[in-house]
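The letters A, B and C name the chains in turn, as written, and every chain counts its residues from 1.
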Amino acid sequence: MSLFPLQLRDVVFRPNGRAVLDGVDLTLSGEGITVILGPNGAGKSVLLRTVCGLLQPTGGSLDWGGGAFDPLAVGMVFQHPVMLRSSVIDNIALGLVPRGVGARDRRLAAMAMLEQVGLADRANDNARQLSGGEQQRLALGRVWLTRPRLLLLDEPTSSLDPSAVEAVERIVRQIRTEGTKILMTTHNLGQATRLADDIVFLAGGRVREHVSVRRFFSQPASVEARQFIQGELPWHLAF
Amino acid sequence: MASGLLKRLLPALALTATALTVQAGESITLASTTSTENSGLFGYILPIFERTSGIQVKVVALGTGQALDVGKRGDADALLVHDRAKEEAFVAEGFGAYRKDVMYNDFVVVGPAADPAGIAAAKTTDEAFAKIADSGSTFASRADRSGTHSAEMRFWKAAGKDPEAQAWYKASGSGMGATLNMAAGVGAYTLSDRGSWANFKNRQDLKILFQGDEKLYNPYGVILINPVKHPHVKKAAAETFINWITSDAGHQAIADYKLHGEQLFFPLKEK
Amino acid sequence: MGGLSQAFADAFLLLLDFDARVFEIVLLSLQVSGLAVLIGTVIGLPLGACLAVGDFPGKQVAAVVVNGFMGLPSVVVGVVVYLVLSRSGPMGEFGLLYTPSAMVIAQVVLVVPLMAAIARQVVEDSWRQYREELAALRFGWRDTVRVLLHDCRFSLSVAVLAGLGRAMSEVGAVMIVGGNIDRSTRVMTTAIALETSKGDLPLAIALGMVLLVLILLLNAGAFALRTSVMRQFE
């Protein structure tokens, strides 16, 4: 029944000859927040999409705790979430539609979730008119409502201002407390230190390190990791 | 949003749908010719019939040939057409229960006022048609198996001319009105029934150049579609109409119809 | 050229002299085409959406057929529907020929492919936006059809208007299956054809002008409705 431990063995994604994922080996436990860090083009987004089942790997395998991949147990929030041309409450309930939840039950669940993510007073507003941070919270709530076992987040706060970042991180922590496993990517090293339990360092389509967050930042094992941390640091300090 | 609009639209259109299919009172379908429709005759006599009988006569105006086909398929209850030979064959083949004489009018030959073929001077129909062929003047033909077209073909044959595939012969394949439009447009001769011509408003340069020959006599007959072949035919209502139009009352109505003071159709007494 | 302008002048004067029979003809045109487009919406829009996002056997064949039928000449549809509804035809027992119902049927056949083809394009364009998100939320194609039809509801009005335009302006099909019977199956287009064949060009043009104004009003109304409602959700 459990999806974990999720084991990626030698996962390759080579769409046009170019190896975006070049032999990823990774084992994920069913608890906590794992943050994937890495330079641009390392394949972080592609890795998430592969785990989500949106991309088929060219090679390698994914082992879901010995069982089959259960799509309804894995959810994903994208960097720029899309909003339907309808209300906030209709948008947040969207994930329940393919799960066969009736309109009335959808509405009830949606109202509760809107409270959780702090959008209850905007329930009937046009979802497309929300700010970036509000839309990101809505997207999070939308997937959270489907109670996934594994939640994937692709750069959830990359375009948000600090207060919006904080609001989103608060929700992410709540989801973690509920027992959902979270796998996320970010450019924000500060966010990584705030949220991560463990860090996966991805460079050149491969996992270079997978260690606890404390260990990664105090004693990065690889050269690339060291350079990465140092390269990013000034940007992080300015934050 | 859409659902709200639909909720209001749906009953209106459902009501429409029922209104479109439900017919108030009795009716029959009469397949007839464009000449009777275009002359305005039906517009005058049918309301009279409807007043006395309560039966609405729905007229589908086609050419005689088409009307006979519609009758064969059983899509009409009665026919009113003008091609004696074809009518009698129709009954003989069992598609019609019987035929009766109704009325007659005549054909006229119209053409450009300048009359390049000089048919105004012709003494007989044969001579008129021969002159048109010999002079190579443009002739517009209906070419649609209608009563008028059948008559036209008879006239060519009697005149000993074959217009088929000649450059001056324009076969339009359409009703009287469309053919008259074409004749007016290109300055051609054409054969028309008097009724259609009388009611035709786009004459331009056209006028009647030859008329009065007894060969141009054009009788109309009414046929009851054979209920044995097509059981759904509204026999009683159709016969009410047939009996009326061949009665004194019907004859009176036909004779009373005048366009610009001119009587267009003349009742035929059953012999 | 004098004849043409005279005809238009006469037509305008005729229009001022409002006629009850013209009203009858206009009403029937709206009823027949309106009902045909309503049925066309119910069948054609979901059909188009299914062709855009669906995953079922025979989808490619269906798409080709729908596109092909979009170009069907109205006379051809008229003849085929006539033969089907004729007393000697497969559906003769219903006695639908030469009734407004037959005209609605013929126009539905004309309108569905057009509306489906437009809906398909509209939904396809929208799907490109939502595809990844809906896939991540595990939407099957049937649920996707429903969601996208609702999401594209404003753009789909284009399909409805196109269908209405096609239905109201066609003459071939309704002439053949309706018979252009006075006070029974005479609509604007067949009335125009009849008056033209009687050489009564002013009246034909007058009716043509009424038809044109009608179609413009319908389009304007749809536009106004769409913009006012769209402000809420675009």
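Simple rule for what comes next: contacts are C-beta pairs under 8 Å (C-beta built on N, C-alpha and C of every residue); 3 or more make two chains touch, one makes a residue touch a chain.
Keep in mind the model is a prediction, meaning the values are calculated, not measured.
Distance from the centre of chain C peaks at A, each centre being the average of the chain's Cα atoms.
Chain-level centrality, scored on Cα centres against the all-protein Cα centre, points to C. Note on chain placement: the centre of chain B and the centre of chain C lie 32 Å apart, centres being C-alpha means. Remark: chain A and chain B have CA centroids separated by 79 Å (rounded to whole angstrom).
Per-chain Cα centroids separate chain A from chain C by 48 Å. In chain C, 150, 153 are the positions where the chain touches two or more neighbouring chains simultaneously. Chain contact summary for the complex, chain A toward chain C: residues 52, 54, 71-72, 75-76, 78, 81-82, 84-87, 94-95, 97-99, 126, 128, 142-143, 146. Across the complex, chain C is touched by residues 1-2, 9-10, 13, 16-17, 19-21, 29, 34, 38, 42-43, 56, 58-61, 72-75, 174-178, 180-181, 184, 199-203, 230, 232 of chain B.
Here chain C touches chain A in the complex through residues 129-130, 132-133, 135-140, 143, 146-147, 150-151, 153-154, 232-234, going by the rule given at the top.
Chain contact summary for the complex, chain C toward chain B: residues 31-32, 34-35, 38, 86-89, 92-93, 95, 97-101, 104, 150, 153, 179-185, 194, 196-201, 229.
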